[in-house]
Every structure is written in structure tokens, then in C-alpha cells.
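Working notes for the structure below.
For clarity, chains are labelled A, B, C, D, E and F in written order, and residue numbers in each chain start from 1.
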Amino acid sequence: MFMHNKRLQYTVRVSETNPALASLMLEQFGGPQGELAAAMRYFTQALAEDDPGRKDMLYDIATEELSHLEIIGSIVAMLNKGVKGSLAEASLTEAEMYLEVNKGGDSHTQSILYGGGPGLTNSSGVPWTAAYIDSIGEPTADLRSNIAAEARAKILYERLINVTDDAGIKEALGFLMTREIAHQKSFEKALYSIQDNFPPGKLPAMNGYGDVYVNTSQGAGDALGPWNEGPQWTRIDDLSQKVPADGGDGQASVKLGAKEQAAEKAMSMRLKSDARVDPITGADLGAGPGAGRTTRIEGLHPRPH
Amino acid sequence: MFMHNKRLQYTVRVSETNPALASLMLEQFGGPQGELAAAMRYFTQALAEDDPGRKDMLYDIATEELSHLEIIGSIVAMLNKGVKGSLAEASLTEAEMYLEVNKGGDSHTQSILYGGGPGLTNSSGVPWTAAYIDSIGEPTADLRSNIAAEARAKILYERLINVTDDAGIKEALGFLMTREIAHQKSFEKALYSIQDNFPPGKLPAMNGYGDVYVNTSQGAGDALGPWNEGPQWTRIDDLSQKVPADGGDGQASVKLGAKEQAAEKAMSMRLKSDARVDPITGADLGAGPGAGRTTRIEGLHPRPH
Amino acid sequence: MFMHNKRLQYTVRVSETNPALASLMLEQFGGPQGELAAAMRYFTQALAEDDPGRKDMLYDIATEELSHLEIIGSIVAMLNKGVKGSLAEASLTEAEMYLEVNKGGDSHTQSILYGGGPGLTNSSGVPWTAAYIDSIGEPTADLRSNIAAEARAKILYERLINVTDDAGIKEALGFLMTREIAHQKSFEKALYSIQDNFPPGKLPAMNGYGDVYVNTSQGAGDALGPWNEGPQWTRIDDLSQKVPADGGDGQASVKLGAKEQAAEKAMSMRLKSDARVDPITGADLGAGPGAGRTTRIEGLHPRPH
Amino acid sequence: MFMHNKRLQYTVRVSETNPALASLMLEQFGGPQGELAAAMRYFTQALAEDDPGRKDMLYDIATEELSHLEIIGSIVAMLNKGVKGSLAEASLTEAEMYLEVNKGGDSHTQSILYGGGPGLTNSSGVPWTAAYIDSIGEPTADLRSNIAAEARAKILYERLINVTDDAGIKEALGFLMTREIAHQKSFEKALYSIQDNFPPGKLPAMNGYGDVYVNTSQGAGDALGPWNEGPQWTRIDDLSQKVPADGGDGQASVKLGAKEQAAEKAMSMRLKSDARVDPITGADLGAGPGAGRTTRIEGLHPRPH
Amino acid sequence: MFMHNKRLQYTVRVSETNPALASLMLEQFGGPQGELAAAMRYFTQALAEDDPGRKDMLYDIATEELSHLEIIGSIVAMLNKGVKGSLAEASLTEAEMYLEVNKGGDSHTQSILYGGGPGLTNSSGVPWTAAYIDSIGEPTADLRSNIAAEARAKILYERLINVTDDAGIKEALGFLMTREIAHQKSFEKALYSIQDNFPPGKLPAMNGYGDVYVNTSQGAGDALGPWNEGPQWTRIDDLSQKVPADGGDGQASVKLGAKEQAAEKAMSMRLKSDARVDPITGADLGAGPGAGRTTRIEGLHPRPH
Amino acid sequence: MFMHNKRLQYTVRVSETNPALASLMLEQFGGPQGELAAAMRYFTQALAEDDPGRKDMLYDIATEELSHLEIIGSIVAMLNKGVKGSLAEASLTEAEMYLEVNKGGDSHTQSILYGGGPGLTNSSGVPWTAAYIDSIGEPTADLRSNIAAEARAKILYERLINVTDDAGIKEALGFLMTREIAHQKSFEKALYSIQDNFPPGKLPAMNGYGDVYVNTSQGAGDALGPWNEGPQWTRIDDLSQKVPADGGDGQASVKLGAKEQAAEKAMSMRLKSDARVDPITGADLGAGPGAGRTTRIEGLHPRPH
């Protein structure tokens, strides 16, 4: 069961209102890398986890992320507090109000649609979606997802810190950024507390393909590194000789039943493309008097070769 | 520039049509952990990457994932080949056809809406969205995201292998699963080739909060492990004494200008909640003759305490 | 700040696993009328609310809804606990496993994609979206939205109770349903504690249109009731005489600048539709030898008039 | 069957083009609280409603909302009429055109993607989704949803009126705002014409939980009001003594079959977290020479306590 | 302004309830190719269209599509009428009700979430989105989009006709399918009434690239047809010699300012990948005692080459 | 199988960084009419296509569209290269950085969320969705969809060309625009190579409705053209006489079983609307002392008639 203490986990002191800055902060509120995504990622994992240590940790961190969601939401509410009152009371002229709601970023939507309250959107006004959550119910995969999610959140806090000079906001963001580092460390410890965590899951690699590097992108810029060379890698450069990898014909096939075959054949006949004639087309009809008007125009001609 | 060879990277041999199995396979086609998400994750990273080694690797793996998308899409197309023809030609009676499109999973939508072609949805028919992609343009975070993504994809292939006994599909899925393992290894090598990759980004942790574990979930089930105890952790159990973490008042505040204050005050007055009276409400009006009808009913009563 | 107690707000006793029933329960987990939507609706309102009484109430109920999310998520996790283990360990044959993940509803996706953990989707596998939240930052509107939301949630719990005969689940759902009733009562009291709450907002109705009922749907079935007749209503039946309502010409117009006019005219000329000729079209080209083949076919002919 | 009269329900007179203002107006066109949402909410209810009075009313109001969608769409089209022609004809220089499409809000997308036609998006460019519609097919809940929806729409029109000084637009918006008030009144009458409408649905409250207020958010700021005190409420302040509410153990449990138990046990063993050792982690590997670099930096240090 | 006549454009006679068939019908209600998408596609085009003939036609057809939406919605409501009442009244036992809501397709969600009313979703329960609408505000493109949309809708009606043997439904679907054919003809006539409609828009093709066919997919299966051979086509088979098409270096470049260069260089240094060493990775740590366990397992080994 | 050559299909030379212009370019990267949508449209069609000529063409063009996605993504990356480095290194002051990320359009999100890498969104930051893809698996419909899609993409490139004066970008966009023209031509040839392609599909039109034009929008502005008059059209102007089209009663009906009827009746009774009384409503309660306050206010009164 959840409970709530009316004090924030970190005090929020904002020096002045600024709806456009509020709009940027939304990335950590309703954005893909934000605190709701974090809380829900760990909470859904906690619900299905049976290992007592991991279950406890997931509940601990999920709950803390909810508290972070509260902090960042409070920052947004403070930054929008001016426009909220003005718009509700019509205390400015229409022309002043128009400028106030058009301060930049997504702030116009936050004002008109959400009345200055924090909407669960990112900085472009895109509503939060559970599609952001990548929990799949397997701890060696999910812990890696959590590690990565904390790394991304850390970077986003760093970017927000880099664009604001309000000392109180900067301080609160610094706290939140630091907590992501701490969480990443916990998830790392939890992952490596599971022995034999690579490859994830139970099935081993299939013989012959687990140590192969396929050099599918070629030309000037091909590079070597520990990710594609060395004793552990077999590298394939001559693609055309190795397609398909299994030595078969590289085709897709399926055995059809008799009825299925008959239907398939009828459909193919009915819809077959007659490649022998050059038909008049709708484009031919529509090309009009200017047909074939391929012209050199200023600013739109290719360079001489 | 991309090019295409008409042979698949791995031969696909399907033993018989099965639209419901096709529906499951869609998780790796248009699902959140599927091959399009993988290809687009690495491709968007490659475009903005300047480090030559990582850029090359990202193009290599992005391109291979497109080839995997082709393999899994071919499996889906083969499994749906029967229903596709039958529905187009109306070669079955309506009653037979009705059964055919209702084989299970999401197959009815794949038949009616996509005509048996592979739609870019997951196994529930949810269209693929770029919200699945978590690239943020910072390599120490993105490489961790890639490692996690490969781990998730490996698990999903393992689950699909566990639910099919078609030998040809199983073999192709085994190949694809194994390639995810190889890709994870490459991304791991690339991450650790960046020295000083933790914490990600440039800003260091804020003093005093990076080694703290906040025990927000308490009660029977509290557990200890390297993720929350040991010399590197300061652990906070007595939450109420440590809220807020900064020793302030735990409130959110903002300095308002004079006009903003006036509007805020007017709004508060206009909308203030009068807590002194107990008003009649719409629910009171609507409670009707059965008002207060709280009853013990069968199967819906609490256990005796 | 949020805290968590490891005991649930209501004990969950599930009698046996059932992934298809779990799929239905998801409506209250990640569905539009579910507990996450409730929690986030009230939480976002609480953040921006300044009235102390309402702010406290919103935090109270938001926090309780999180605890309800935990209960319903626990029910889902219990119902899926069998398939989770079997799929991870491959403890069934492929054919058995295939049946197990295809039990009905959206359970195949919950198994393959989420591994039996509760995904934040509705019963069709649609990911939760903040588009479900309708908070707009004005209390006389938001409280009405909350009242409506609780009414909807009550109905959905009632439907879920009607389709399950597992006594433990039924009991927990009954508790949750009842709490929605209590929450609706609180929101009703809070709404009517604001004097002069109708019409919502500050601007009054525009003279002459606030008491008008426009009978836009006509024919057999036209009905009368207190919503469209009586002393307070002016009713418009003769639409063609009252269009537009303002006595103008009913057209949309805008004053264009000289350059805008010129561009508009050029565009109209360039793209004007020549209504005088009957052009050959792409459909004419494509109609082929069977052109005009309008035929009476079995089961597809209109009834004789 | 629907029919259309080419005159608008209210004449639209726009004084000059303004793509950024158009962008704000989109909230009432393709936004969550806009006219399409209203029309579709009532239309879908009308289709399944059997009560003749309500069915008629729902069709009446749904049809009128379509006419409102036409009015607001016409305002948007007028405001964008300048940029539409200029962009199609390239009648401005590139630099002028660049400024013209970047006037503010979401207007750049409306110009580039929709060519100045009204796109069904909100003011942030988010496409309209049926996720905005909350009809659930039960009239005592749906009518409450409709009441709330009209209240929200009224507020949004008020905000739009507050930010525009174009007299013709203001007048049309005033008409539309007023019609929302009238619609709310109709829905209120229809709700209270159903006797015994609270609690909604058929099942009564479960004994003992319908009059309880759970004070989950505590600390300075706790407040009293008719929503949580008085003879009708039992209030729970001492949460830890009342968790769970049913007097059980507050755990979630399910009875597993023998095979399920075996698989669950195997999985737990395989994936168990070894809490006894402190493993080296990826973060440890990556911490590099600057490991432990927790530093006080300017603007990012906590206040002295 | 819109008006409504309570009679449907075509009488709907359904022979018996069937929630699973209702679920399929939703493709034409709230699906991507359904009637709401059609109505909104033409309505948004009508709003911004200035050509009088096209504007009239677009309003005519948009309005008719709304009437079709009403027909298909009525079919859905009839098919769900049984489950709607039973679920509301709990007139079946829980076990019977459970079977009733799990009849197939998406019917469980339509019952539990929408109460048997027609939800604006497709047959997989995915909510309708304006992302389905492809209007861009240019008539030679939009009319082509409309032609294509009618063609798609025709096919979907044909598929629905093929899976139902209810004569009344079949007849209504036949009517709707036929109207799509008529609409396509109108749009074709309107397109070809614009002289010089190809290429669409005002800018001509850029010299040298408009008649080129790039054979990017090669290998067995390469085919010839009027779309890639004949006097009007220049065909490129030898890709590696023609990349890039402009004779440049095929690289992407941008001129950076001095500050930008400095930051870029600093970032590259800080994040550079050290390709000279083979680092220990997280995967190496996690590979455990079974590291390198690449094994031949039954059913998961490649074929011998 | 796909392969990649590190040279672009067309060289990209950007003259200076400009994040706001980058934001516009995203329409062709992750927008509904952009290159990913094109590539995936043709790729999914290719997978299920059996006709060898069309299959080859679809793979050819799908693959080229991926190369176009790479070009437009490279343009975006170049335009954002300045902000990417500055934000990562914090090489500007906070105030400068704040201005840099707020340059216009959606650029703030591209900087903060994606770090200057190209996100798969449109110019409003909306993530790409497979809902943009309209393939349905029938070639005479899909080819028309492809023709329309190429027409739309051509127009969008033209608009982008009209708003930029960077010669290198203009040139690359001109190339891409021209390739869309060429692709449209190929798809037209392929469509008309299928004989008897209209109406699409196999079922003929239903007798009596295929040549009818229903004039649903009436009043001043009614227009004639080849799309609604001439020998091939039967035109219906007198709608009220022709509703329904089939001569039935225009009602929707279904035969219910006995149990269904009983439940339906019970539900109707329980929820019937009592139209005889005028109930007090929640709005009446809330109208407060200012009830009925319909006032003439400045700027919000209707014109005198």
C-alpha cells in the first residue's frame, strides 16, 4: 500500500515563473525518459517478481521515482503559476494574454489545454504512453533495461541543468540526476548478483552464429574494433557468398493444402501483372500539355559531375 | 545507401499455414521488442554518431536487423498464405471463412485489415510506434540501451521457440535469437571501449546523494543485498526524519510578480472551497429511494476479521 | 513524498491461474477507466491546486488509487503465475505451451511480450496513454470529470464481478468497486463546496443561446423531456429558418492582404476544376472488359421495394 | 441519416490571417476536449441507447457538435488562408516563407504537413484519438461523463476567448461556449430523470467500505471538509493499523498446480539473486580513473542544512 | 450545418446477436479504412477547399460517409445487444457470462469496456486515430488519396461480406461496398477535371532523375515490366558505380562555427572509442561458469551445408 | 537481405546549422508522409506479394526509400550538429544554451530528448506510427495507395524546398522530390498492367447503387460537374424521399433470444428516463446566487439581426 507525506523529497525553490522552461521540464514528467516511465517500469516488475531481494528493491526504487515525479511536477506547477491565474481571471488584455501563452516550446498547449497544471506529456505535448515501458518479465533482461533507463534519465537531467540558470531548479535537478546514478548502481549490483546472467534466458546460442560479425555496411569508413575483430569473432565481409547463412536457397516457402493452392492460383491469375504491354496510365492522362516538363530551374539543378 | 539481395539471410521453411501462430510472430515484426525497433534504434544512432568505429558498427547492425525484419516478415507471410488466397477468392463458404479468420490471437485483424500480409503491429494488433525507440544521442547511454534491447529480443525469441513445433520456423528463430546474442556482445565491447563511461555524461554526482539508498518500501519483506548495503551505501530507513533530503521545508515555492499575485488571489477567492457547510450534492439527489443501500450480498462480503 | 508498505490495502486470494481472466482484469490496470488513469488524474490536479482542502483530498485519493493499482496488478500477476514459469522454463511441450498462451482475450500478448508480468495495457493490449486523463486545471470542471470517472470505474468493476466466480477475486473487486463509490461522494462534496459552480469558469453565457435546444435530429422518434422542453427552453425545430443562428450569411470569411489575395487567385486558377468536360479517368482505363459489370448476385441484391 | 446545409450554424468573420492563432484554435477541432470528441462521444452513445428520449437527445446534440466542428474548422481555415496560398504558389522568397511558417505554436506543422488545411490535431500537433472518448455504455455513468465534458469544453472556449482580440472570432467562440452550457443543462436534466442514479449501476456498495475516507496523505496540510468528515464518514488516519482493510495478511496468493509449482521453483532457482557477495558490475568496470568523482560544483551543491 | 434524419440510409436487419462478428465489423467503424476515417478525410478537405465544385462534392460525400458510419455502428449495436443487457443485469451466471464475453476477436473488450456499445476501435481494439487521415491540402494529391481510400474500403467490405452469412448484414454491407465504388468514380472525375495534374504540385521534376529506375534489389527474381523498362526509363543496375547519383563524394557535411567546432571536438575526445584494447565487458562478467556454452540442441541446430 | 554502402545516394552539403529548419525536415523523416512510411509501405507489400514483377518492383522502391530516409536523416543530423556538441559539453552559458534549444518548431524536443540526433517524429514531435501505413494486401488497392502516397510526398518536398534557401539542402530535396515522381510513374504502370482493375477486388457493384450520386449537402453552393451529373449518374436531390435507399423502414433491428429479451427489458425498466417530471439537477444546485446570469458583455454579444 502506498502512503504520502506532504513534504517533497527535495525542496523546490523557483525564482520566477517561465512557461517555456516549464515546457522543457516536462521531458522528466510525461516524457519517454521521465519519472512516470521510471516508476511504472519498476512497479510492474515488482508486481510479478518472486525473488525477495529484487522485489523489495524494485518497490523501493519505484516508490522513490513517484516522489521524483512529484518534485518535477511541482517545478512545472511553479513555473506555470503566473499564466494559470492570469488566464483563469482574464487579468491581462487579450493581446498580453496571447503573448503570455505563446512563450515558446509547448507552453501554449500547457496553458490552453491544461490551464497551467502539469499535463502528462513530453516537451512537445505528446501524451505519455505505456509504450515507453520495456519491462518483459525476465530479470536479466529487465535489470539491463533498468540500467539503461537510469543512464538515459541521468543524461536528460544533465541537459536540463545545462539550459537553466535558476539556482533553485538547478539544485533540485542536480539531486534528481544524482539519484539516477545511485539507482543505476543498485540495478548493476542486482544484475551481477544473478550468476550466469549472459546470455539472458535459458536457451544457449545456436551453434555457429553466436561469434559471427556480419559486415553489412561497407565502403570507405569500414572500421575495426573489439566489437568486430579479435579471436572471438568470425567476420563475414563477402556477403554475397554467405547469403543465406544456412546454405539453403534463401527463399521463403510453405506447404499449402489443396484448397489453399487452388485459391492462391486463382488469385494470381486474376491479379497477374501483364508485363508485355506498356499501358496508358492515370499519370499519362494527367500529364497534360506540360507533360515531360523536366526543366533546369534555379537552385534546383544538379551539380555538374 | 541501402541495397537488397533477393535471398534471405536465412532460409525460411514453413511446414503449414497457421494464422494464429503468425499473430504471435508479429511481436518480432511490429512489436516493441521486434526487428523494426532494433533497426531504427541503431540506424538513428548511426546517423548522428561521429566516432568512426561506432558509426560503422551501428550501420552494420542496423542493416542486419532490416534483414531479420525480412526473415520474420516472410515467416508471417508464409503462415498467412492460405487465408490470404481464400479470402481474396471467396473460395470457402462464409461459415468456413468465418472460422478461418477467427483462428486466435490477432489473426482476425491480420486477415480482414491486412489481407494476410504482415501488418506492422504486435501480437495484439497495436501499430508499431517510434515511442518504442529510446535513442537519446549519447553513446554511453545509447549503448546501454542497445545492450538491454538485445537482451529483451533474445528472451522473446526464446519464448517464441518454446511455443512452436514447426521445425523450419524453430530453426530460423534459433538463428535470429543467436544473432541477438552476438549483437549484445558487440555493443558491450563498444561500451567498455569508452573509458570512464560511468556515470554516463559529463556532470558528476551531486555531493551526498550518490551513495544513498532510500528504503521507501517497508514492512515484512524488507531485504538486504549488495544493492542496498555494504560500505558503499548509506541507507535511509527512517524516512520521516529525512524528508526532505535537503533540510529545507519540503515545500514548492515560486516568486510571483505583483500582477501574477493579484490574479492568483482573485482566482483562489473565486474558487475557494467552503469547508464549513455540508452541501447537498448531485449524488444526494440521485441516491433515490434506495439511498444508503449498502447490503451484504452473496460472494461480495468481506471475510470476518 | 510517497512511501510504501508491503502489505496490500486488501488481501488477494486467487483460487487458480487463468491468463484469459487476467486479460479482462487489465481494464482496471492499464485501461482507460483503470486505476493508473485515476491515480494520475488526481495526482496531476493535486500538483497545481492551491486550495488547501482540495489539494489534500486529491493527494489522499491519488495515493489510494496507486494502492488499488497494486491490488489489481497483484490479481493479474497471480492469474498469470502459471504461464510465467512454464514459458520461462519450457516445462511444457511446444504444443502444450502453444495452447497455454492462446487461452483467450489478450493473454497471448501478455505471455509472449510481458512474460506473464502485468503490462500496462487494457484488455485488448492497447498501451495506456495519458490521453485518457482529462484534467484541465479548473476545479469546477475537473471535479465533474472526477465524479464521472469514478462512476465509470464503478461500472467496470461491476462488469468484472459479473464475469468471475473466483470468490477471492470477487471479494477484492467488490472492495475496489465500493471505494469508487466513496470517492465519488467525496468529489461531489468538494464540487458543491464551491459556491456558484455553474456554469463553470468565469465568463457568463452569451445572451440568447444558453436556453436554446436545437432539434437537429428529426423524424419518427423525436421525443420530449425536461432536457428539451419546459419554461426554461426555447426550442428550434425549423432548422432551415434558423441557420445561421446569428442572422448573418452563414459563410466563413477572412480579409486577405494584397499579396495573399494574389497567391490565392493564382492557386485557384492553376488548380481549377473544369466542370464542362467529362474526362477519361484512371477508373475508366482500369474498368477493363468487364466494365459496367453491375450484376445481381446471390445474397447481395437489394430487397424489392 | 445525416444531411448538410452549406450555411454555418454561426457566421464566421475573421479580420486577418494568423497561423499561430489558428494553432491554438485546434484545441477545439482535433484536441481532447474539442468538438470531434464531443460529437463522437454522443454519437456512439446514441447508437447503442434504447431509451427513446435519451436516444433522441444524444442524436440532437451529436449532430449539433458536428456543426460546431465545422465552425471551428472554418475559423482555422480562414486564419491559415494566407499561408496556404503563399506556400502553394511560392509567392514569397524562401526567407519570407520560412518566417511565415514559423509564426508560433504548431503552425509550422499545419503549414508544411496539412498545407494550411485544418488537421485533426490539438494545438501541439498531436493527432486526435478515440482514446479521448470515455463512453462506456451505461447511462448514469455516460451522462456524468457528458456533463463533465461540456464543463471542460466551456472552460477551453473561455480561455480561447481570453487570448484573442479578433471581434468576429470572439463572437463565434462566445456562441460555441454558450452552447456547451446549454448542452450541460440538457445532460443534467437527463441524468436526474433517471431515478436512483447513485451509485451508478446495479450492484450496491460492499458493506463497510462505502463510507470510509482513507487519509493516505499526511503531514502539514491535512485538511477537513465535508468530503472527509461529518456523520457520514468513517475516517482512517492510522494507516499502518488498517492495512489491509480486510484483516487478512495483505499478501497476494494463488494456488498453483503441481506442474506450475515445479516450473516456478526451477525458475526461482535459476534466477535467484545471491545477496551474499558484492559482485563487480559493469558500472564498476566503467567508472574509470575518475571513479568516485563526487564533487562539489558551482550551482550544483546542496544548501547547508 | 449538419442535420439528422432518424431513418438510416439503408435498413439494417440482423438475424441474431454475435459479439465476435461485431468485432470484425469494427474495421469499418473505428478502423483505419473505416467510415469515420472517410468522413473526416473529406470533411477536412472540404473546409479548406476553395474550388466551388470540389468543395460541394467533398461535403456531399463526407456527409454520406457519416451516414455510413451510422449504418455500420447500428450493425455493431445490434450484434452486441444480447451481451449488453445480460452484462448490465447480471442475468447469466458468472460462468455463462464469462463465456459470453469471450466469444472471440476483440469482443471481450467491447463488452467489458464499452458495455456492448460500439467503441471507435478497429477489430483489434485499437482506438481510432487521426493519423489514419492523409489529407495534405493539395487537390491533385488529396484526390488521389481519396481514390485509393475508396479502393481500400471497397476491398474491406468485400472481405466482410465473405465472412458472414447473415443475409441482412450481407445486404447492408453490399450497399456500403457499392457506394465506395460510386465515390471512387466521383473522385476520379474530379481529379481528371484538373488539367495538368501530373506531376502534382507546381515544381517540375529535377533534370536527370525523373525517368530513372534504380534497381536496388538484385538477384534471382529480377523482373522487367513497363514500370522499369522501355523508352521512357533509364535503368541503373550497377549501383556501386552510381552512388551517389550526383557525382559528389556521397558524404554529409555541414559548416560549423568556431564555437561549434570546439564543442564537437571536445565531445569526440571525451567519448572516443578506444579500438586498440579488448576490454572486459558486463557480458564477460555475467557469462558465468557456463560461458561460451554454445551447444547443439535438438530442434535448434542449423542444417548441414 | 539488405546491404549498405557508406556513400549516400545523393551528397548532402549543408551551409550552416539550424535546429528549427531541422525540425521542419523531420516531416520527411518520421512524419506521416515521410520516407520511413514509404519504405515500410512498399516493404510490407513486397513480403506478401506473389506476382514476380510487382514483388521485384516493390523491393526495389522500398530499398531506395530507405536510402532516402538516410539522406533526409543526414540533413537533420547536420543541421543539429551545433546544438548537439554544445549541449553535451555545456560549452555555452545556461542563458545562451536556453536560447539555442528554443530556436523554433520542435527543435527544443529534438535537442533535450534526442540530443540533436534525428528522432523518428514529425515536425511537431509526434512519434512515427505504423498507423500511417495503409497497405491492405490487395494490389489494385495498394498500388492506388502507393500512387497517392508518392503524390503527397512530392508536394511535401515542394513545400520544404519553398521554405529553405540553403542551396545544398535545396538540391538534395529536389533530387528526392524528383524520385517520388519517378516512383509514382512506376506504380501507375504497374496498376494499369493489371487488366480489369476497377472496381478493385472481385465482387461487382450491387445493382442500383453504383451510379447514384447522393446530394447530401445542399443550399447555396450546390455545383455540377462530371463527378455528379451526366449520363452515367443518377442523382438524388430529394433526400427525405429516398431515405432509406432500400425502401425499408430505415430502422436497425435484431432478433433476440428469450433470455436476451428479458435482460434487455429489465435494463430498460431500471434505467428508464422519466420524462414527466422536471428534476432538480446538479447544475441547479451549483448555479448559485448568480444563477441565470446571462449578460451582454463587451466583445461577446451577438450582432443585431
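Note that in this section a residue touches a chain if its C-beta (ideal position, glycine included) is under 8 Å from a C-beta of that chain, and two chains touch if they have at least 3 such contacts.
Everything numeric in this text was worked out from a predicted model, so none of it was measured.
The set of chains in contact with chain D as well as chain F comprises A, B, C, E.
Repeated interface: D-F and one of B-C, A-C or C-D share more than half of their contact pairs by residue number, and that pair is B-C. Two chain pairs, B-F and A-E, are weighed by contacting C-beta pairs, with B-F ahead.
Annotation: the chain C:chain D pair of sequence copies touches via predominantly the same residues, more than half of the used numbers being shared. We define each chain's centre as the mean of its Cα atoms; on that basis chain E and chain F are separated by 9 Å. Between the Cα centres of chain B and chain D there is a gap of 22 Å.
Contact of a single residue of chain C with at least two other chains is seen at positions 1-9, 32-33, 53, 56, 59-60, 62-64, 67, 74, 77, 84, 88-90, 113, 115, 121, 124-127, 129, 131, 136, 138, 140, 147, 155-156, 161, 165, 171, 174-175, 184-185, 189-195, 198, 201-203, 205-206, 209-211, 216-217, 221-226, 239, 243-246, 248, 250, 264, 267, 270, 273, 275, 277-285, 300-303.
Across the interface of their complex, chain A is touched by residues 140, 191-192, 194-198, 203-211, 223-226, 230, 245-248, 273, 275, 277-279, 282-291, 293-297, 300-305 of chain E. Every residue of chain F that touches chain E in the complex is listed here, in rising order: 5-17, 32-33, 52-53, 55-57, 59-64, 67, 74-75, 77-79, 81-82, 84-86, 88-89, 91-92, 129, 131-132, 134, 136, 138, 140-141, 144-145, 147-149, 151-152, 154-156, 158, 161, 171, 174-175, 177-179, 181-182, 184-187, 189-190, 193, 198-203, 205-206, 209-217, 221-228, 232, 239-240, 243-246, 248-257, 259-260, 262-264, 266-267, 270. By the touch criterion stated above, chain F contacts chain A in their complex at residues 1-7, 50-51, 53-54, 87, 90, 93-95, 97-98, 101-102, 106, 108-109, 111-113, 115, 121, 124-127, 139-140, 147, 161, 165, 167, 170-171, 174-175, 184-185, 188-195, 202.
Listing the residues of chain A that touch chain F in their complex gives 20-21, 23-24, 27, 31-33, 104-105, 122-126, 155-156, 159-160, 162-165, 216-222, 239, 243-244, 250, 264, 267-268, 270-275, 277-284, 299-303.
Within the complex formed with chain E, the chain D residues making contact are 1-9, 30, 36, 40, 43-45, 47-48, 56, 59-60, 62-64, 66-67, 69-70, 73-74, 76-77, 80, 84, 88-90, 113-121, 127-131, 133, 135-138, 201-203, 279-282, 285.
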